[in-house]
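Two complexes, one shared chain (chain A), two partners (chain B, chain C).
Now for the complex of A and B:
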């Protein structure tokens, strides 16, 4: 018996490798060399290394099978990335990869003994064990968690760059094989804009390796011609190295490359996705050295690799004889052809190979591949003679070989079509699946459409391309050709499954499922293919049943006695092939909004905090000549506003202008308060509820003239409020115009007892005196030549002016205020201080102190609801709620012991072990010298002076007392100065 | 920032035009306002119309226009703030509300396809077309306005996102060897012929 060896074949073998460029790489820590164009799997094969990984359950040695990335045998670990397909990964200088799923080393896997326990691990064993005795599962779970999964992830892996891109096409052709090339050319010649998508690095598909019962030279010539035509056609764009991983409604295709997700919108899709050769089932059919015909041809034709020295070919079709010719052409000894048919499908081919000295054994099958010690290669095969019934006669003999090639048929790669609504149905005449229910605005061509003869494949592609052109309204040439014979008859053996009494006859390589496993699944009552799949996990591995569904269905239906014809394969879901999370996540777009003063804030030591998409100064920490805690800095900023004057950037507040004769009526309907009689030049509180009566936003309405309001919204509410306004008025039809001016005007709030002195110091055409500009007045004018909407409002409870200034001139205004205010000790003040200041006044923040169920009376905002109005959004619900008992109220509170634990927002208000409310805001008040807050409490706890309990961290209970708000300046005298 | 002359061969360039004048006008009687200004603007929205004085007027809806100055001269400067509420129309401060970028070169559609789901390829998104859409998850207005033979898209969006969008564009341009230019590059191009 010879040792399994591989070596490079001379040119022209190896169409995709560049023998002038050698690349060094490492696998399992050992250095190797390959050629440019090699994949990791092909380069290793060239070095005699076929073993790439270990199987999931029994840790059996596995090597690449299809050499097209369609099986899970070739998964390897590359750095931090697990499950990289070695037969799709191009080698590159410095590449270092490891095998997967072993304990010890790839070559000496201690877990291989799991295979010996297979009789104790029957199908569904985990459903029936490990739960007795009671409580034992957590121990088993740890074991299974360790054993489960493939590859290793590094949770601390460095960030990599991924992104996304949209693509558009009239016609998307998925697959650059003969059908795809033909379809693309037909559609493009009719004028369609075509995107041709190919997963491999080069176009051609099966034209690159198959013979199609012709001389290979003729196939090469046809391939070169078709690719040349495609390259010269300006209407065709080609995307190679891209996998179509999902086909979603309206022809939205997800295409992935290693670092990019393409989102393709196509008017028409033609799936030329081909087919995948199916495994023949016999004992040890999974070992390195057993290859399908197409995998063997890819290895030889694409990469110029001699796959073995002595081959046996087991076949049920003409393609198997094609491989014999290829092997002979490459100088490889073919020991015998094992033809499973009772009579040869192609007597001419039998004669041809016979005359070349190859023995053909008709009506025989492979009963077993004989492994070398360690199972890493084979040394021969056991041949069984078959009776007419297809059963083994008992006559058998052995042949030496290091390569066993099988060719028993194909399954269409219709998974993508199934994503979009198609179905894979078993067809008795073809002994295969056919794709049905093809979605609208799409078509199939080639072997996915059960066309296998080259002429039929080309004609089918052309027809699909012309159909696409017609569907687009183009006027293509007539499709007058007569469709050649499909070549599908006899290509698939009806039951290429030869179970062995000792097992290891694998149906599903991913999950190590054998014939007996499926038989047992049916015997256990899981007769339906969907149930058998879930019970046995057949088809649930990474290759999603591409190589197992057909044989699994045959076995399940035969054992259960159900008809195979019309049976369907289980649901196909995206992605078609494994895809990295990085590709799915892509480049994350997280919009960030900055105010015009952002740079100034940063330069002046601001520490920013997010507020929706905005970044706002939380407090100003920089330029300190002494260390200060955050609390101390916030307290200083609070003191500045309470003591002299501060300025807060409030540009993030939403701004909306409402114009038109119905402007006041519109506000009356959108908000709870009344605006029809609001005087021009006055500001009024805005409270918005939704249809359920829940508070959703608040702000201030400034009446600039009879038909013109400038309103503010909360920082995060502007877009929603504006959108709702447009939607509502589409129903109401009021004569108004709404304009979102959030980023048209920046805002700054100058507050504190000395704020009037600052304003009066600035050059302006407005009179800021108390009488001319009283509390809640609104004025329009200029400051330093800059147009301004100025209003007197009191969110922080001090004398203050809110200036709304055109965005592009806001920074100049801000700097002016800082400069003029310097003599009064003006300082910028951040959000943290503002929150303390407003809490001292008992002012709520929508979204923090309210939730979606908070009605105005719950938050003591009844005063802002005008019930006499005929309508406002939420009025019916609010009216209804008032007929029911109130369940909670938002109240101010103080802690009875300010030195003890301090509650945090969302800590619960508890009474007799029942939750009656929660804390919404809490802060230390320097002015009051105690901890104060807002909380929802039971109605009977809402009376001033009532005590209640708050449950804080570690379950401690903290005593609090209800306090009338405002906590600070209860008469509101300071803001009206 | 690289200073070089924009040519028809330039693959991709980004220019910040936010310093140039722009304005907006809204209202029900826009046609009277347009007539009074002797502008030529069709009724069809989402189209941009170049005027004799070089001003580009994008019709965003039947009742709203956006006026963009000719990069070659800032003659609209005075007009920006002098738009008056008249004919039941009122001015909109687009100078404040929107940043204004120009993206030029044959690689623009491919680069923008990384940020925007609208097909902006030249044969689909014709010269003078306007798209009000989402770019990198923010609302934006895209106007195709070729300058001579150079493919050019104006991108206008919320002023508060200017730094964010600039960063997104610079990132997206890297693989296309995009260049960052100053407004005179566009000006030079317009004067070339």
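Now for the complex of A and C:
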């Protein structure tokens, strides 16, 4: 497929591959083989395949650039997962990957002609082309929709497993290169608990491939020694293959692996994140076959891959000469060294390579890479002589080569530090960014801190490790020392940008932005780097400007005439690398709360419905009569309570105990009703409003003692009510103690005309007779040996008792009620029937029949408001509202024609085409033989007997009539029996 | 994620807490409608140092956090009684 003659170099090249273990995989449908330890990109390179994907805008052929997962050129699709970094993805048996962003095939992309249209896709065209000529947008839209995005999403992808883990460390060292190893050792030896995080599969970083102007074997032995010391140190935990994707306040770090998100809290962080080599800018600098020095060294040293047969090296620094030595050592012919410096920075290096037969061309540059047809590799380069100004002259010649290595400098990988508040500022002396505003409780070391000479890097790491230890209060014995270092000043070229009149001199590979695009952005008035970024989209691709922002800033500042020194890079945000939604989401948890009778309900045919986090029986389908409809089942349950006796599981109601000398005063302030004179042994309605006077909760208060209340709340309101109580008393300082006992007591409501007979039949020390246990009485005692708080409330409007029982004994009590009640025809009753029963009594459901604007008088609950009290929450708002006309009232209604269409909740009450209210509850009442409900209506419609219209589905109007509530047993005689 | 030093539970992840807004002096029950409307509906949203109600949800513990909304720095946390006592002291000093 390719004309490359790449192949494997002999050992010891290829430090991370295991040549004894061959792995087969597929790319673009074709079978290949690689070794264990290979990444997809390296294994393909070994097979002569450098082309991995097509560029976003012009569909240019692209191959991995850094071979460290730092560029967007290496994105491939693996099954359902798009945008996988081929130079980070280990090959595995059966792996099958595809290139991205092409029409047709990776090798024959029909959209490559977009490149020829580049003059019609000028910078900022997104912001201009949309509008003119009028009506053009739909055409553009179709084009954009097809071109937008990278990779393909499979909406039917199988669910994968993802989870999260929490980690803690005294010191987190991000990056396992020389600085990180050194920092980890220094901190650990001082006694700190260290977590060393490395993105690659192995520790060592640049020690695995760079020369540092030494013999490689010296670097190898230094690496082995450092890694050995780290592995033997019990204070160091090593996490490899994990990317630190975010650095959040107080040293909260997000580390991601393909299926796991680690949340790390560290007392101290040392960022040894290194630096990324920057591209040299010339025509066709983006083609496969053009590689940075570090990428070339990674290919050769880590994976043992011969990157070409005839190389040209363009350099501005000693690292470029290092690569020449590497290439020669590997037996690759080096055609020439193109040194962009006016005079050699290191005459010794020039001398050294010259004696090895390599021609060095001083004060020259690469003006252009010459592509093979199809742009999938290069056949040579055009060399330009440089003028003293540093600009290319017309003097030029060509050199044949299939590999061009460039070495013009680095940019610190300070993006993570920037997540936590750091900034990247351009520094004139270093010709690079420096990281400033390093967050508290953290440090930097290594090339991210512009240290490049190996001794200086190691010393810098040690210093950072010792500083961390001291910050933790440890007393390290060792002393830090600072090593001399030329820093990036000797490495970074100030302006390695050689524009070509025919363009394709790429500054940003992600977004296909060229020198001219940036010049035009400035010419269009977007001079500030932030504006130029947004207008041109430079730095907005997946690699977030790691490989482009340094050169882009240089160009923008030069064109606009602004100072480069002090200029800052645009804002950096997490994640550092693309991360899948699955990793962020983790496992799906849906907590459920179950009552102690849940199992019994399920065994007895209950169909459950959610109530907040709870599951409650909606109704009991039973096993005997499958033919019955839901409505029939519910009607049966309603009839059981109205006619005999039923029992409802009300354990989900919130329960709060209030104790203390100020208990009654506390309730007086929290609720609208009055509790100070509530007798012991009596229950009283509770209505809670907020500061706006809106109803927020209701329940029942049982006074068990002078200084002891047991109160209930709504099912979904208990946590909020309890929290709100504590919040208020934090301010009031009343002498009370409030305890949420929702899960301490289970509740069951036994109701129906025969309920007293059932209670009197069960062994108890309580007297359930009418005189001893009247309506609204509260008693404490035991039933069948089980302690109980029993109360008589009008829950469903029948004679009934509510029993609150310790959670663990509730099931026994429930079973006893069912067993004893059998002879009276007792049945369990679900929420559906409960709602009908309560609606027949006109009882409201907070949150369904009320909203945040419902004040007590709107729901005819003003009887539960004691205005004479000096204080309760919402009192001023309720008082003020009474000086204003009411806009709506909650009333009971019946349908004039119960055989016609039935309204649903939230259907609108309409008068003269204006909305005046809405339906909040509606049900068929067997007892009344008609459809009844609750609705908000205009005040004039609230009189009993008034008619109003409800707009139901399909715009039909249904006539309803206001009815006094309760609908059923208006005198409330049955509950007081 | 920030760490909040809860006076009851010690330093915990911010995720475990909720904020209920600024600590405000409730107007008297018979205060004018404007004063009540201001208290109920309007927040100061100050850029700078504010005192806020925070709750450690798992333990339902309320306390006061003094923090700088511009820098997100948490300056101090107080038990409510401690906070209100110190406020009363300050007010006492002011009125002297």
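Rule of thumb we're sticking to: the second predicted complex is superposed on the first by the 945 of 977 C-alpha atoms of A that agree within 3 Å, B and C clash if a C-alpha of one lies under 4 Å from a C-alpha of the other, contacts with A are read in each partner's own complex, and residues count from 1 in each chain.
Here is the rule we use: a residue touches a chain if its C-beta (ideal position, glycine included) is under 8 Å from a C-beta of that chain, and two chains touch if they have at least 3 such contacts.
Owing to the predicted nature of the structure, the values given are computational and were not obtained by experimental measurement.
When the shared chain is aligned, chain C comes close enough to touch A:722, but chain B does not. When chain B and chain C are set side by side, the one touching more residues of chain A is B.
Judged by the touch definition given at the top, the superposed model places A:730 against chain C, while chain B stays out of reach.
With both structures placed on the common chain, the touch criterion links A:155 to neither chain B nor chain C. Touch criterion met: A:744 reaches chain B, while chain C stays clear of it.
In the superposed pair of complexes, A:807 makes contact with chain B only, with no contact to chain C.
Within chain A, the residues touched by chain B in the first complex and by chain C in the second are 265. Of all residues in chain A, those touching chain C in their complex are 248-250, 252, 265, 691-692, 722-723, 726-727, 730-731, 733, 740, 870-871, 875-877, 880.
Chain B meets chain A in the complex at residues 26-27, 63, 90, 92-93, 95-98, 110, 113-117, 119, 121, 123-124, 136-138, 158-164, 168, 171-172.
Residues 1-3, 13, 20, 26-27, 29-31, 33, 36, 39-41, 53, 55, 57, 60-63, 72, 80-81, 84 of chain C touch chain A in their complex. Those residues of chain A that touch chain B in the complex are listed here as 163-168, 193, 263, 265, 587, 589-596, 614, 651, 659, 737, 739, 741-745, 806-809.
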